[in-house]
Amino acid sequence: MKNRKLVRTTIGRPSQKREQNKMKDQPEQPIEIIKKHTSQINDVIYKKVLTDDGLVTVIYSNSLVEKMTLQIMVLMPLANHLNQIHQVSEIMDLSKLEEIYFKLISGYTLLYFHQTNLLVGLDTYSAPSRTITNTETESTVIGPQDSFTESLETNISLVKRRIRNPMLKNENRIIGSETNTNISILYIDDIVNKENLETVRSRIDKINYPAFNDISILKQLMEDNPYSPFPQFYLTVRPDSISHYLIDGRIAILMDSSQSAIICPTSFLEMFVSIEDYYNRWTTASLLRFLRFFGFFLTIMITPMYVSTLTFHPEILPYELLLNLQESRAKVPFPPLFEVLFIELIIEVLREAGSRMPAKVGQTIGIVGGIVIGTAAVEAGLISNILIVLVATSALLSFLPPIFLMSNTSRFVRYIFILSAGMFGLMGQMLAFAWLIAHLLRLNSLGTPFMSPIIPRKAGDLKDGIFRFPITFLRNKTGISRSQKK
Amino acid sequence: MSTNKRKLLNSYHVVFLAQSSMFGTGILTLPQRLSSLGYSEAFFPLLLGIIASLTLWPMIWIMSKYPNENLFRINELLLGKWIGKSMNMLFIFQFTLFLAAIISNYMQLIQTTALPEQSTTIPVLLLILLLIYIVNGGIKSVARFCMMAFFLTIPLLYFLRWAIEKGDVSHIFPLFNYNLKEMVEAIRKGYLSILGYELILFYYPYILNQKKAFKHALLGVWISIILCLITTFVSVMYYSEWQLKNVEFTVLQLFKAGELTFIERIDIIGMTMWVFLVLSTMAAYLWSAKKGLDSIRSKKNKLHIYIIAAVVFLIIILPYSHEIREKLFEVSYYAGYLLIVWPIFLSIVHLLRKKKVQQ
Amino acid sequence: MKVKFIPIVFTFCLTMLAGCTAKELKIPLEDIGMVGVMAFDYLDEEQSQITVAIPQYDPQAKEHTQIFSVSSDLISKGIVEIETLSDKKIVLNQLRVVLVNEQFALHGDVQNAIKQLYRNAEVGNKVLIAVVKESAGDMLKGEYPDKPSVIFYLNDLLQPSINTAFNPNTNIHDFMYTQTNPVFDSIVPFLETKDGKIEIDGIALFKGEVMHKRLSTNEGLIIQALQGRKKLAPLNIELKKEKLLIDLIDSKVKIKSNKNLEEPKLNIELKMSGTLIEFRGERENNLKSVDEIAELEKDVNEKVKQDISKFLEELKKIEVDPIGLTENFRMHYKGNWDKALTNETISKLEWDIQVDTSILSTGILR
């Protein structure tokens, strides 16, 4: 850092000696106070520049401000058009040292005019940002392809570009006692339900957590029932999805350095809604939604069904199929429950291994796991071949929900079902199912029942439920958001 | 949010609470209970429904006089603290026994169909835990569960298709082929199956639109009655009179008539699905019993649910003779009839008191 | 807050309890012997011989079906005895066919044997019943080289399907229903082994609890037609000099009673429509115009009417009612209807039959 003393009269880090000298002969200058106060920030740079208004000290944090930005926004105007600086900068209160300190670490450049004893600040924060790219987690065939990046400003601008409405407000807040992360609450003022908004605000204010590295942490802290395996807020990286829900009267929360955004309140059914549904024809969209929704129930039911029929109720299956099963299970050393748990765990391992690997190696893992282990295990008589089919189907089905958190949940819930099926067969399964329903019925998302529209807030919501009606029917706002406008 | 308000129940909540609390395990044995009528039982649920509607009216009437109190409080208000409280004790006792009776009936059925050669202690425990979980959410959670239970189990009606195909409609003739003695017997035994609508005495104060409560509850009652009617009608078509009398769990056998290509035994799926109906009925009873305990001890405590549930569990698993247990359950059924006529008595007391005050 | 822990506790309990059940571990599927066919043979009044057929799935085994045979007085006792012979646990979950030999049907207590199965919740409703000439056990033990297994052979044979020509299938519920309903007498298909093949040869007619008589296939067809079955097997008719076969497409029956128990009279209207598939005889080349076909229809009507009349006459003589004709009187009778009333009514029964056959086409040849 010290070798940067190239510019005219730069003082990188004032030597102890000089400071002592100054202390002796004159009263403490404001600049010295600032220096003292900001001494904890290691990369603060002080530059003295002689301008038309006399000596000016430029203070900025080296890692937060890019050279180019500094040159264009500060140094060039300083040398040529001093007025420009005065017009765009904000005047800072010299006595509020905390604020000054905070501005510095958020990427402001401070200018201290020695002659007039004036401190002004300019926002020169130049965050390292990547360009807007396609989404990989929620890609669609039809519809806009842009997705959020990790920059809050970019994300907000992506939303504002879609909703050109003066009523679209964003409220900025800073959370995280250690990280001081910027978040922004987005809503449309004349549509959003004020009660919901108040709940969101108070919940955010109540949060006391040191670090927010992703918005999903905030989501878990804000949810109505943090112990539930089900996500109660919608998480998306798609700006079109956000804008769809904002117009419906929901509240979106965006966070700096996080790609996804929260939408709340939401419902269980919406966990199976992809924004692409609205771009597809209603027939296709309805079919796909139906598939996703029942896929969820199938994926938690198929393998438990295998366990319970084989251990408890062989009479359910047709005779011929049963004999096939008997034959394929003849060499299997485990009881059905362990057989299913074994193969399900292998699938989990494959999935986990595949997702951590680089894409090219991941493919190999898929082939090794899927084909080699699968076929070999059946041939070795470790598992029955019918089970392989069932497990593979249910694994595929579990990927149907467009929200990844939901598909994770279905994986977890499935184990509860398998265990209860292993204990009490269909009875156990139904008990688990009753638990699932009771649990879902008790869940709330920001006070709205999670099971709406099945537990209707408004009968009209059913038009956009398991089936999506043609777009002309969907002009009204949903009951979930309890919006001011109809 | 809405949970802080006292009035919680929308109109459809009332409909399904009234409907589901009636429609539990009773229906499974209804055709057998009515079998003293022989084939003429087909339309008998209609009569039961009329009786139910007639007795529902005084309930709503007395409740509308005290729109913010449940029956336990009204008992105390009208009959004085001591008589009221002992009456309440009786009702709570009845509810507890009734709960035990429902679970033990259902578990007996499960043991014969789905879990042969297995002890049912743990399933009973799980069932009760689940029940506590539902009831802990309050009456609204119970109402929602009732609604889901209704919509999840209503497709089971489809499985009656095969029984209808095989059955013979001519069995319902001649109409009214019974005498008074047989009819009284049928009412005595069969009315039990449609008990449950009287629980409106306890959740009435939570109803949003109390003026229309009668209409909604009546709708719920008649949905149940129509389902009962379908059941008895199909049973009459499908069975011989001897079978009606002797086949326990008639509905189970009705499900057995059908088969899909990939599922051969619908009865097992049907009976295990029935757990939803059982849970919704029981949840309403447990909630009411909890309210009763609240009012007797004059404070609200979540612990009360656990106490009642524990008692129910003990009644079911304690090893005493089958006979005593059956007797005990029988007593609870008749106490249930008392609750049906109780509002009429209360209405009279209410009118007498009013006169006194006016004088 | 306490409440919110319950799902976790619940899950935890489930997980923990999974350990508990390990002790009373259920027998896995591959160790279960699922009885497919059960056969009863008459020994004496007390004892009967029970034979069961259990499929053998192991591809290395030579025989595809295991047959066990014991003599016992109670069914469940027999099952326990069979279990000692077998290497597997014997269950009745997938029972498909119950065979009873003629002797047992004539002298034994068929109703009781079936009732025991009907009582058992494990046994489904799909169990078909048949009476076998001579020994039912031998039928199971017999060799059927062109069939994979006797279980499927019997099951498919007795299975109701449109393709099988004549099939008075009777399952366990039907049997109990007809046994306990006073207006009915049971009928059960009658099986016979002929040259290493099993054949449905007529039906066994029960009177009360025991078999009374064997009826021919054609008589069985009449029973089915009068019971109101829509789809019937092809009708074989022999006129004086002609033979024809009609493939019935639809049949409808309307029975009306005069509601009088003293002089019971039935008015039976049978409407049949079908296609003529084969014809041999005088008029073979003359069936071209509508009038000629109408002429033929008339003859067929007369013949069918005679057949039915003859059959009913016979029923009247032996006082049984497999069709449920007396149901038409019961419908209008207040009070308890019992078997004696049925028998009495049937013995006094008069009837009036109208048959209306319509031949829809005679094939594509002119």
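So that you can tell them apart, the chains are marked A, B and C in the order they are listed, and the count of residues begins at 1 in each.
Criterion: a contact is a pair of C-beta atoms (placed from the backbone, for glycine too) under 8 Å apart; a residue touches a chain by one contact, two chains touch by 3 or more.
Keep in mind the model is a prediction, meaning the values are calculated, not measured.
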B-C or A-B - the one linked by more C-beta pairs in contact: A-B
Most central chain, judged by mean C-alpha position against the global CA mean: B
Chain A and chain C, separation of their C-alpha mean positions in angstrom: 65
Centre-of-Cα separation between chain B and chain A, whole angstrom: 47
Separation of mean Cα positions, chain C and chain B [Å, integer]: 40
Residue numbers of chain C (touch at least two other chains): 7, 10, 14, 17, 21, 122, 124
Sequence positions of chain A contacting 2 or more other chains: 312-313, 315, 423, 435, 439
Multi-chain contact residues (two or more partners), chain B: 118, 122, 126, 130, 133, 137, 264-265
Chain C residues within the chain B interface of the complex: 2-3, 6-7, 9-10, 13-14, 17, 20-21, 24, 121-122, 124-126, 173, 176-178, 180-181, 184, 324, 327-328, 331-336
Interfacial residue positions of chain A with respect to chain C in the complex: 225, 227-228, 310-315, 319-320, 322-323, 325-327, 329-330, 332, 335-337, 416, 419-420, 422-423, 432, 435, 439
Residues of chain C that touch chain A when the two form their complex: 4-5, 7-8, 10-11, 14-15, 17-18, 21, 25-26, 28-30, 32, 34, 36, 55, 57-59, 91, 93-94, 96, 122, 124, 151-152, 155
Touch list for chain B against partner chain A, complex: 1-2, 12, 110, 114-115, 118, 122-123, 126-127, 130, 133-134, 137, 141, 144-145, 147-148, 151-152, 261-265, 268-269, 272-273, 275-276, 279
Residue ranges of chain A touching chain B (in the complex, touch as defined): 312-313, 315-318, 321, 423-431, 434-435, 437-439, 441-442, 444, 447, 449, 451, 454-456
